[in-house]
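Below are structures written as structure tokens.
Consider the two complexes below, in which chain A is the common component and chain B and chain C are the respective partners.
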Partner chain A sequence: MRRKGWTGIVLLALWAVCGFDPAWAGVPTEKIKETTDKILVIVSDPALKDPSQAAQRRERIRKTVDEMCDWEEMSRRALGRHWAKRNEQERKEFVRLFGQLLERTYVDKVEGYSGEKVNYTGERVDGDYAEVDVKIVTKEKTEIPVVYKLRNKDQRWWVYDIVVEGVSLVNNYRTQFSDIMAKSSFEGLMQKLREKSAE
Partner chain B sequence: MRKFNIEFTVGLFVIAGILCLAYLSIKLGGMELIGSRGYDVYALFSNSGGLKQGSSVVIAGVEVGRIRNVDLDDYQARIVMNLNEEVKLQEDAIAAIKTKGLIGEKFIEITPGASEKIIPPGGKIRETLPPVDFEQLLSKYVFGKVE
Partner chain C sequence: MKRTGFVFVIAILCSVSLGCTCSRQSTTSYAAEEGFGAQRVQLASIQTASLQDASAEEEEVELVESSGETVPDPLEPVNRAFFEFNDKLYFWVLKPVATGYKTVVPEEVRVCVRNFFRNLSFPVRLVNNVLQGKFFGAFEETCGFLVNSTVGLGGLADIATAIDLKRHEEDLGQTLAVYGSGPAFYINWPFFGPSTLRDTIGTAGDIFLDPLTYLGDYWYAPGARGLNVVNETSLKIGDYESLKKAALDPYVALRDAYYQNRLSKIKE
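Entry: the complex of A and B
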């Protein structure tokens, strides 16, 4: 039960950030707020609730995710020091598989949304980096603190990490990937990711 | 002559004892007498979780440095770490405050990143994670549910 709740929250966090409209060019919080609202519209759209529309809804969400999340930066950070040793092709493949893994883990659980509210509580900008503090309030009035980490690249803010309750998405995968790499190899890790996405 | 010898020997032993005591207290206290080797970096945490001066900084479980100072900076915890010279931290390394076991002492764990930029002496570790408050988490999920 607890696990389910968590995935829902992480998912919500991911959506909230990942529906980015390139036309915006304001402060990071503003962007995240607008994005969240946009995503909430997609998930609560009754026309898309029908099971036959599931694929289309997923497609729309994935599209907004792609527009916003800096997948390469996220993957690079998640792979950590092993990134430098990989060639261009391996990196591309890894970014693709890692994106699929995140999609499967979080975007698949779209149905988990049940009227949580999102409050914006703070923002810190430091040069090309920014952090946006958000509190997600569940129906049971439990507050879940979420921090979005953004980076300014080509005059746009891109999200590269999401921290929920002090647990970082990138650090979580970084530890796991480094464990897998220590036990097997990069090829072993890719194989595991491929199996996951084929499931 | 003989008397002098005994007094001299006792004196030697006393001095040796004091030196041993001084050595022990410096070693056990984690103090460093002649400056410290390595270099300093700092990081800002939203919560230090009671981290203390002298706590260890580890990478992959291996101690690579110690906490030099903890103080408040704009309502955030500013933690200065002294790291061994040979340890290089990438700009996107993540510093997380962890607890040994469930209620053990706090320490900082660093997971190395992918960036080619290295944090210079006196630089800042940007990516930080506060300790996870198990008690608060538990109470949220124990008392939060009204179903």
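Entry: the complex of A and C
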């Protein structure tokens, strides 16, 4: 009898662990969750909703996103084989412009926040690489699957790609970049990026 | 997780007959799902061969790039012209109409309309799940269709999703891909937008499985399809705008997004 009681308690404890605090949620998921939670606080802050606070709000979201994303890694991957051909100066300017564009795209996305829920549904870690599965549930109950791809650099996890509904952000830009460079040149691409950031 | 889905169909049917609400059911199902998910993910993390293969150093980035991960586009000039046409069509016709519709019809109703049309296209998903040998998918789709058509008042309410019955969006384009067909080449149709030769053939075939096709007099089917398009658009105004805003070349961005999304659906 006593034994059965113990088994019951152990099972209950196991269930509690599995049910309430996903046992698989490792460091990469925590990293994503930490940033997402910070952003949710900013976009839900009534004090920042006022139009006069818009610039400050954007700035705070921007800073938070910077803590999560490795813009240089994203740039390297988006340029693909063209990265190797660029000198230090060109790379620096490219990372700055492309980083700005990505950052702005991200900020635009989260600024339109209207009560979506974020569920963490899985994580895969393999050495210095990790993937975190997230489901964003909109007000209309549509589920948007998102995968964050992370890389461990200097004991910290950094996002280097975001895959939304199977569409990798980095791959999407790489296709655009190589198309533009095939039709004009790297300088032509830089010109387009400059125009875009001036918009 | 799949088992839970089935158990909950029965649970929900019982609970409805007892007059219970379904909200409690769905919370329980969520907790249970997390438990199952935990095991699944732990297993997966032991079994995965290597994430590094998929993503890695410069040389490998090159490999990915040259391995045909982009769709051939021999019709690019024509496609670009139709892209411009669709762009104008969206901003001048579809968006204003959908915006007007949105102001008149409350969001709850528009979600019901979406649910209704999605439930109605069940035969397309059923047949393609079967053709691809995805029998559990076919089974889960059937359960979802039965639940939504009855308890969900003819498909207006999506009870299936609430009780954790997954949707398996399979179409003939994906079926052809599973049988080994490549995309052939990209086509940006006027009015219909991004597709490939394979997916166009698929869509044409799927029309025969779509109950709307058999709606009788020839004005009803196009009317219903028109409503579906306007309704869908009203629920995602801003998506196309943000794609355009983020892109350096919106035509290529849309083509690539379409292609990548199809690839991921085929893999599922």
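Here is the rule we use: the second predicted complex is superposed on the first by the 168 of 199 C-alpha atoms of A that agree within 3 Å, B and C clash if a C-alpha of one lies under 4 Å from a C-alpha of the other, contacts with A are read in each partner's own complex, and residues count from 1 in each chain.
One rule holds for everything that comes next: a contact is a pair of C-beta atoms (placed from the backbone, for glycine too) under 8 Å apart; a residue touches a chain by one contact, two chains touch by 3 or more.
No experiment lies behind these values; they were computed from the predicted model shown.
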Once the two structures are overlaid on chain A, check if chain B and chain C clash or fit side by side.
clash
If you count the residues of chain A that each partner touches, which comes out higher, chain B or chain C?
C
Can A:177 be said to touch chain B (first), chain C (second), both, or neither?
second
For A:57 in the superposed arrangement: first (chain B), second (chain C), both or neither?
neither
Chain B versus chain C as contact partner of A:31, first or second or both or neither
neither
I'd like to know which partner A:130 touches here: chain B for first, chain C for second, both or neither.
second
Once the shared chain is lined up, is A:121 touching chain B (first), chain C (second), both, or neither of them?
second
Running into chain B, out of the candidates 26-34, 62-70, 80-88 or 152-160 in chain C, is stretch 62-70
Touching chain B and also chain C: which chain A residues?
76-77, 80-81, 83-84, 126, 129, 140-142, 149, 161, 165-168, 171, 174-175, 178
Interfacial residue positions of chain B with respect to chain A in the complex:
90, 92, 94, 96, 111-114, 116, 126-127, 129-133, 137, 140-141, 144-147
Quick one: which bits of chain A touch chain B in the complex? Just the residue numbers, please.
2, 5, 76-77, 79-84, 126, 129, 138, 140-142, 149, 161, 163, 165-168, 170-171, 174-175, 178
Note: in the complex, chain C contacts chain A through residues 31-32, 34-35, 37-42, 44-45, 48, 50-52, 55-56, 58, 61-62, 64-65, 69-70, 107, 110-111, 114, 158, 161, 235, 238, 242, 245-249, 252-253, 255-257, 260-261, 263-265
Residues of chain A that touch chain C when the two form their complex
15, 18-20, 22-24, 76-77, 80-81, 83-84, 101, 105, 108-109, 112, 121-131, 139-142, 149, 151, 160-161, 165-168, 171-180, 189, 192-193, 196
